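The same subunit A turns up in both complexes below, where it pairs with subunit B and then with subunit C.
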Partner chain A sequence: MTDKQVLGLCRDADTTARAVEALEKKGFSGNEYEILTAIPYPEGTFGEKPGKHRLYIFPFIGALCGFSAALLLTIGTQLFPPLVTGGKPILSIPPMILIMFEGTMLGAILFTVIGVIFESRLFGPKLGLYDRRITEGFIGLLITASPERITEAEQIMAGAGIADFKHSLTGGNNK
Partner chain B sequence: METEKNITEKQLHKDLLAPVFGFSRRFWIAAGVLSFVLLAAGLGFTWMLIKGLGVTGLNRPVMWGFMITNFVFWVGISHAGVMISSILRLSRAEWRLPLTRAAEVLTLMALFTAALHPIIHSGRPWRTMYWAFPYDFSREIWPNIRSPLIWDVSAIFTYLISSTLFVYIALIPDLAIVRDRASGIFRSIYGALALGWRGTNRQWQLHGIVSVLLAALILPVFVSVHSIVSWDFAAVTSVEGWHSTIFAPYFVAGAIHSGVSAVVVVMALMRWFYGWGKYLRPEHFDAIGKLLIAIALGWFYFFSMEFIFGLYSLEGPEIALRNMQIFQPPWSIFSIVFLLTAFFIPVSLLLFRKVRRNILAMFFLGITVNIGMWFERFLIIVPGLARKTPFTFDWGTYRPSIAEIGIVAGSFGLVFLGLLIFAKIFPLVPISDQKEGQAFKGEIQIGRVKIKTTLQD
Partner chain C sequence: MPDDTTPTKTEYSSALAPTHIQPMNKAGKWFWLAIVLLAIVFSMGVGGFIWRWQSGWDDRPAWGYYAATFSFLLSTAQTAPLISAGLRLVAGPWRRPLARPAELFAFVGILNMLWFIPLLKVVPDTQHRRSIWFDSPISFQIWETIALAILISCGLCLLYLASMPDIAAKVSKAPGKQGFPVPLGLSWRGNPHQWRILKLGLVVLGAGYIIFLTFQQTIFASDFGLSLVPGWKDALFPAYHIVSSLQAGTALLTVSLFLLRQWGGLKDYIGLDTFKGLGRLLLVLTLLWFYFWWSSFIVFWYGRRPEEQLLLQLFVSGPIRPLFTLVLILNFVLPFLLLLWSPIRKSIAGPVIVSVFILSGTLLDRIRLFTTAFSVTESGEVIKNLPPTRLPDTADIFILMGGLAGMALTYLVATRLLPVLSYWEITQGKILESEKQFGLRKVRMVAKPD
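This part shows the complex of A and B:
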């Protein structure tokens, strides 16, 4: 069944926290609501559970990829040309270390950025149910649930003091 | 004296988004003047391309002159962003908030400009591709990774990409703010750039983590870049004054010194040009002034060690070079200007709170330090090459040509035009950070005094 969405908007963090508490009491899980804000509130301000993420894995994978690419590049560019080294080893280790360091760091940074885009679900310009007033300081409480539960959620939010609502029929791309 | 005031969200948007959504006459005048300056570089460069490197003052034995000096200078300036942004972010210095983006963008523009200089200096820019990138498979021409010049390419390339991503990631919440106020095609463009940012708690949580993570990852790159630039010189054993083991930390400290001073100049310009006195207040100048004292002292320590150990070796050629730098004009005049402007004048004045809180004074001190630091690089590069050595059949001094002077002047035009255009397209003061600072600040009364507080997660 297609999920519906409702976005409740208010100015006040306390009202939003009350609404979240009331929603959780009525059995709404953390997967069914999201809080949209213009600034980063401290974790747990609205009573939400801390989210799990795998961002820390990305720099390690990136560092490994960058290191491998730099290793191949530095070995390859030294082995391919028939350079006369006067009896010295063909592979010059100290410069290799420098370039491999830069490659490792570049890989780690690139993958960290890919990681945050992936983990934050920043996949494109589509916003789903959204209101421009959020960047003006309004706090949005977005519920994605089945149509029956949406009406209940709206009533709960209204009971907590949220008066402004927006609705949408969507596949729920906000997760 | 201006003090911190409560700024409403509406006012904050109006002030900080004004350059993005409006065109002022000031903008066009500044863009025109800077383009004209940039044209000087364009003309100098074109003349050099047509006639060859002979139009420059470069000749045996001084083959590195103004362009390489300027390269090192701009690489140094590019250390401003990471110093202000990463180090102060990791140390949670709240006063950094309004200056971070300008410092980061200054990094980008300065690094881009720096990277152009060795390419221009080569005289045949298209040929630099052969030694920098492994692409010429048909003729089997590969980069020689043993050369410090290739280390430069890899370090600067890494730093440029990393800094660009650092700026972009920090910019995403502000791009969403612009998107929500733009219309038509601009809304679509900013929407695409904002990647669908909605400000969910997950997005904010990860944004906070990635800011710290990227700051920590960029720091080693930042140190490596100017270390590697210093090895362009330090790896050369035949030039006195270059072959020094202390060059890497000395260059990094110098880069931070000139970079942070450049940020002071940009801060003052932002304050005057955009009327952002409410956001860039005297207390910010005061804080960065104190930071500058600490940095200048650190840099001076490395400078002294480099100089003293040069003399302590009692090697004839090294002593002769120092003698030339200190007692022979014009090098002696440059040395006096360098020491006075890079260290003695600014540090002695910055000790006074009144000076640190005077925007005009700070602006001129920022320029003064950078004049000195430009001369420092010039004095490292040119005298060592110009000095007569036993086995060279040709020696002489160096006189920059008008083409080189044009390129150096134009580089300043390029950096400031880049900043101006960036500020026209994107918010130059981080709006989300400002809002966060406003939302979580407060005052507590202790006895008879009120103490300003900032809530931190």
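This part shows the complex of A and C:
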């Protein structure tokens, strides 16, 4: 069965936290609700569980890739063909360090940006309910569940003090 | 037509008022007049470049002012995002209003890149001069260009990611827009997980920018300064270049914030706290400027070998002395004596006036260093003769003015493309602050949850 969505709009963090607590007591999991805000609230403000991420791995993988590529490039370009300059060793380490640093940093920066986009799920056409009042300071509590559960979720949210709702199929108060 | 379910402004807390998107949409006739004037001066600079180009690439001393202008742009506009990145790392609450104005300077990097390319034709290959490339057949031009490109890309990524929530807010408020905001193809939803990733990503990218800017400035100062002058062996020069850039970048940011506050309609957002913080930072960087300059100078001054005396004459005490004296006054004496006084440092006008001194001093300093380095054409182990001091001709003046106008023009264009303030950071700061009665006076409490 196709899931439906309902978006509850709260004016303050306390109401949202109460609604989240009530939803969790009734068996709604973290995958079924999403809190939408215009500014970052301190982690755990709404009682939400911190999600896992692997962003910290991305810069390291990028740095390793960049370092390896730069190492291969500098060794390769100096060995083929092997030009002897002033009787010095063919592999000139000090300039190689500069280039390897550039490669390492390029990889780390590039992979960090990719990591932010990937870990935040910023790609993809997954559109859903939204209300422009969220960008003006309201807090959105978006529920995605089966039609039966949606009615229950709305009742729970209303019980916690949320009065303004928007539905995916009926249209609600579309702004 | 307003919907009756839409709350009025007074229903929001003052920190979350919906007016926060407004200033970025305004651009009065003065803005467009400034754009036109700057565009004219910038085209004069392009004319100066073409004029200089016609005399060829081989006359290196003639390109000294061009190199000095590039160095000034690198030291100011490219360094300004570092101030924001650094302060984000230490989580100073007064940094919030300056975050975006500082990051917007990353946009000037595009101009810097274009400015840089002709310089590669002017300087000789590193194989026949002492350089950090150690006679290697590796082309330093390619790696200098790549380094600058990495720095600019890092700055632009930092700017874009930091602006994303504000762009999303702006897009979602546009008439007829529904559903999730989709800024430039990325769907920003604003859930706690996304906020967490964004804040972490900005810290990592900011650290990357700081590390890479110091590297880029080191190789630039070495390849386009140190290694052009035979016998100029000064390990502290790249560090001096970085420290003076930090000072100049902070000064540029202070002046920009003042202009945005006075004429950009942002008086309510950029307050005294930010200028007080910048004043303290400027004082520290002014002292550091002197320390690095002195540490570098004393080696040559105390050594007094013939080639060292000649180098001192070249950069400090010879025909360049009036320029050097002015630099010392504008970059150290005046800022130090003024910022020492608390009422001056803890005001808006004080740090701004000092910043104007510092910017003028840094421009003169870059002229002193790079026109002199470019004027040396002899090769060998040590310098033997003082080259003639080159005064600017008309083309040089056009190039200098064009560079400065180009920087301002690019910045103004950037303010039209992206939100000029980081509203999500400013609003977050406001909800984390409150006033509390403490004995007989009220004090400001700042929460630091991260």
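Criterion: the second predicted complex is superposed on the first by the 160 of 175 C-alpha atoms of A that agree within 3 Å, B and C clash if a C-alpha of one lies under 4 Å from a C-alpha of the other, contacts with A are read in each partner's own complex, and residues count from 1 in each chain.
Please note the rule applied: a contact is a pair of C-beta atoms (placed from the backbone, for glycine too) under 8 Å apart; a residue touches a chain by one contact, two chains touch by 3 or more.
What you see is a predicted model, and the numbers here were worked out from it, not measured in a lab.
When both complexes are superposed on subunit A, subunit B and subunit C end up clashing with one another. With both structures placed on the common chain, the touch criterion links A:K88 to subunit C but leaves subunit B unconnected. When the two complexes are overlaid on their common chain A, residue A:Y41 makes contact with subunit B and with subunit C alike. When the two structures are aligned on the shared chain, A:E21 is found in touch with neither subunit B nor subunit C. After overlaying the two complexes on the shared chain, residue contacts for A:D164 are found with subunit C alone; subunit B is out of touch. When the two complexes are overlaid on their common chain A, residue A:F80 makes contact with subunit B while staying clear of subunit C. Looking at the shared chain after the overlay, A:F123 reaches both subunit B and subunit C.
Of the two partner chains, subunit B and subunit C are each touched by A:V113. The intersection of subunit A residues touching subunit B with those touching subunit C, taken from the two complexes, comprises 34-43, 46, 48, 50-51, 53, 55-56, 59, 74, 77-78, 83, 92, 95, 98-99, 101-102, 105-106, 108-109, 112-113, 115-117, 119-128, 130, 132, 134-137, 174. Against subunit C, the residues of subunit A that register as touching in their complex are 11, 34-43, 46, 48, 50-51, 53, 55-56, 59, 74, 77-78, 83, 85-86, 88, 92, 94-95, 98-99, 101-102, 105-106, 108-109, 112-113, 115-117, 119-130, 132-137, 164, 173-175.
Taken together, the subunit C residues at the contact with subunit A in this complex read 3, 5-7, 11-13, 15-18, 21, 127, 132-138, 140, 143, 146-147, 150, 153-154, 157, 161, 165, 168-169, 172-173, 177-182, 185-201, 204-205, 208, 211-212, 215, 219, 424, 427-428, 431-432, 447, 449-450. On subunit B, the positions that touch subunit A within their shared complex are 9-10, 13, 134, 140-147, 150-151, 154-155, 157-158, 161-162, 165, 168-169, 172, 176-177, 180-181, 188, 191-192, 194-210, 213-214, 217-218, 220-221, 224, 228, 432, 435-436, 439, 455, 457.
On subunit A, the positions that touch subunit B within their shared complex are 34-43, 46, 48, 50-51, 53, 55-56, 59, 73-74, 76-78, 80-81, 83, 92, 95-96, 98-99, 101-103, 105-106, 108-110, 112-113, 115-117, 119-128, 130, 132, 134-137, 140, 174.
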